[in-house]
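Structures for review follow.
You will see subunit A twice below: alongside subunit B first, and alongside subunit C after that.
Entry: the complex of A and B
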């Protein structure tokens, strides 16, 4: 069997979701009205609020939601076999994923373009909004730890990527100078930038860094280098560095995703077949039981809480007419499902031995090379393709993380205002926002970090679904299509956070800290430090659980109150 | 780079065809985020200018009213948006879309 068939299956499934279920949901629940004025027109200022076409917004929404989540998440899910992962990506997106993205946009549009912060304040009071902020703070810590760990692993595992990454960063900085200082046209600048990116890959291939250069301390070293780069990136003004780097980076990243998808579709002709078994086990020692762990491992491909923040804070303010919400929200999310499936394909074409067991998430690169080399130059191009795909992983992680660090700083300033205001200061917040994740990154194994991140991310999705449900119940509309997915996501993610916290607590009780494979912190005398960090992991997990549970309780109360107030007669969600 | 808000003046998307739609999608994919950032930075600089010149309208007389009055005809069209942005509720969560 080749990956072509399940990509085809996904296309059919997502087609049915978009043209069948989404159309019904649109008519039965939200009843969008093309004649109703949207916030983009109501408050048009050309800055925050202005209407753009649904095709532009679809592209923007897709770019905003597609990153490493759908690419790497399937790796952990594969520990249970590819069949459950495939089912979750298709069915999860069909019934839950796009509904959350679409609903987030519509709730904000019907609330004068307000984001989830003010909406949670309105529905759940000040406590709800503050809990959301606290939750976001812990979520960002785990997010940062997972991504710093990934960059460190990739730089060590793929020696061609470090100098290639530096080349891309330099290309971005040059792009910014050409555009803002020299006032060169965007077309010429983009051409120059793409040539520089291509040269960066060549540089990386010809100037590889030595592998395991500091022995067991190599990973902490690369993580520290990553933090130093992120510090500079998040301190510099946005237009000087991160903004042009993001622009330049997305071209190779998007082309890589496209190349894999084409490779999956051409797989019957190229003779690439699936080598992973469809089913492996109900539970694994590293990740735990299939429920709830698989449902949080594939973050983004099936559903992601981050999307609700994007949809409610940005996309909703550019929506031209309400009827565009379905192509934008549902269209972008279902497209992202295809990205997750293409990534799953990249893992599935490797045998379990080639994939290297747990921890070798870089197997995605080998799978991507296998899927694409048949039509992109053959075996002779394998080394360059490997460097290229590995580079896309690094720049995906690095560019996102630079912005996460900036976001952490802003949230810190908001949360710590008052007596602990010094924690929100620019350099202090940045140092904390990188130092703590560095500590987590060098001790926690990739699987554990990712499952924590996935749990927090998917819990955010469950809470977003509850906010959508509360809006719908207040408007007297149908709530079942969002209420049941919300309940499923909240219960699943809270359970996953508890299980992960228990894994760390159990490691402490046994005196054998949970650390990444080959980490120097696993052996005396450093194991005591690792046990202390494991304790911090337990605390973070329990904090996420407690904050999430509080949000869920507040949301349930608001839902019940809304149901009592709404009356009996169902109507459209058009208050 | 300005957004292709409409395919071509006077045309519908159906008349613009798939090429027009693909162009709009790709512009949204690669350029729209940067376009928004640039607009926001320009607005921030403009807001600072408004605050200096017309600060007395919000209780901050930073520059003499004579200067403000001379600049008023040039800046008047932007005053409404400035006032709305200053008085709007801003939540830190709204910064989330800039991550990615």
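Entry: the complex of A and C
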């Protein structure tokens, strides 16, 4: 069997979701009206609120939501075999993923373009909004730890990527200066940037960094370097660094995704076949039982809470007409599902030995090379392709993480007012937002970190689905298509957080802390520090569980109250 | 003819989608940065319009016709409720 069938199956499944289920859902539940004034027109200020073409907005939404989640998540899911992963990516997208993205946009559009903070305040009171704030803070810490860990692993595992990354960052900084200071046209600047990015890959290939340069302390070292880069990115003004770096990074990242998709479609002609077994086990020692762990491992490939934050805080304010919400929200999510399947295919073309041979999630790079080298230069190009795909992983992680670190800093300034105002200061907030994740990144293993991140992220999605359901029940509309997915996601993710917290607690009780492979913290005397940080992991997991449970209880109460208050006759969700 | 128009429409859609992916977010961020500076300027000169006790300034009167078009959006943005989830936009 070749990956081609995967992509074909996904296209058929997602086509049915978009043209069948989504169309029915649109008509039966939201009843979008092209004649109704959207917030983009009602509050137009040319800055946050302004109407944008559906194609531009689809591109923006897709770029904002498609990152490392759908690319790397399938790796953990493969521990159970590729069949359950494939089923969850398709079924999760079909029944849950796009509904959440689309519903988040529509709830915000029908609530005067307000984001989830004010909407949760309106539906669940001040307690609901404050609980959401607390949850998001812990979520950002775990998010940062997972991504810093990944960048450190990639820099160590792929020696060609460090200087290539530095080259891309320099290209971004130069691009910013050309655009904003020298006022060179965007076309010329983009041309220069692309040349610089290509040179960065060449530089990386010819100037590899030594592997395991500091022995067991290599990972903490690379994680510290990553934090230094993120620190600079977070405190500099957006147009000086993050913005142009993201712009420059878009092109290689987009081309890599396109190359893998083309490779998967051409796989029968190129003779690339699946080598992973379809089914392996119900449970694994590292990740735990298939339910709930596989459902959180795949992360954004099937459903993601991050999407609801993006959809309700920016996309909804630029929607030209309500009928655009389906192509933008549902279209972007289903496209991301396609990316997840292509990534799953990249892992599946490696045998278990080959995938395990790389030692971790970086196996995706080997799979991507196998899928593409047949039509991109053959074996002679394998080294360059490997550097290129590995660089893609790094810049996917680094660019998203730069925005998350900045978001943490801004949220800290909002949260820590009054007595603890010093915690909200620019440098202090950035140091805390990087120091704590660094500590987590150098202790927790990749699997545990990712499952925590996935649990928090999907729980946010479940809560977003509940907010959508509450809005719908208040409007007297159908709630079943969002209520049952919300219940499933909330129960699944809360269970996954408890199991992960138990894994860390069990490690502490046994005196054998959970640390990454080869970490120096696994042996005395450092294992005591690792045990302490494992204790912090338990605390974070329990905090996420408690905050999520509180949000869920408040949401259920609001739903029941809304159901009682709603009239008996069904109506459109148009208040 | 219809086929050619369809291809042109598809190419326009593709270009728009690429623009959305590559540059839309950055253009919006640049607009936000510019607007923040403009609003700071408006607060400094015309803050009394929104209750900020700004000392009377003869230059403000001279500039008023040039900024009159901005005042509405400035007032709306200043009065809008803000939340931590808005910081993502």
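A few notes on this one:
Keep this in mind: the second predicted complex is superposed on the first by the 572 of 575 C-alpha atoms of A that agree within 3 Å, B and C clash if a C-alpha of one lies under 4 Å from a C-alpha of the other, contacts with A are read in each partner's own complex, and residues count from 1 in each chain.
In this section, contacts are C-beta pairs under 8 Å (C-beta built on N, C-alpha and C of every residue); 3 or more make two chains touch, one makes a residue touch a chain.
Computed from a predicted structure; not experimentally measured.
Superimposing the complexes on subunit A yields a three-chain arrangement in which subunit B and subunit C clash.
Applying the stated contact rule after C-alpha superposition, one finds that A:57 touches each of subunit B and subunit C.
Contact with both subunit B and subunit C is seen for A:43 once the two complexes are overlaid on the shared chain. Of the two partner chains placed by the overlay, neither subunit B nor subunit C lies in contact with A:557. Applying the stated contact rule after C-alpha superposition, one finds that A:410 touches each of subunit B and subunit C.
Of the two partner chains, both subunit B and subunit C are touched by A:238.
Contact with neither subunit B nor subunit C is seen for A:280 once the two complexes are overlaid on the shared chain. By the touch criterion defined above, A:512 reaches neither subunit B nor subunit C.
Overlap of the subunit B and subunit C interfaces on subunit A comprises residues 43, 45-48, 52-53, 55-64, 114-118, 133, 136, 186, 238-239, 243, 246-247, 250-251, 254, 309-310, 313-314, 407, 410-411, 414.
On subunit A, the positions that touch subunit B within their shared complex are 43, 45-48, 51-53, 55-65, 67, 114-118, 132-133, 136, 186, 238-239, 243, 246-247, 250-251, 254, 306, 309-310, 313-315, 400, 403-404, 406-407, 410-411, 413-414.
On the subunit B side of its complex with subunit A, the touching residues are 1, 3-7, 13, 21, 24-34, 36-43, 81, 84-85, 89, 91-100.
Residues of subunit A that touch subunit C in their complex: 43, 45-48, 52-53, 55-64, 114-118, 121, 129, 133, 136, 186, 237-239, 243-244, 246-247, 250-251, 254, 309-310, 312-314, 317, 407, 410-411, 414-415.
Chain contact summary for the complex, subunit C toward subunit A: residues 12-14, 16-26, 28-33, 35, 73, 76-77, 80-81, 83-89.
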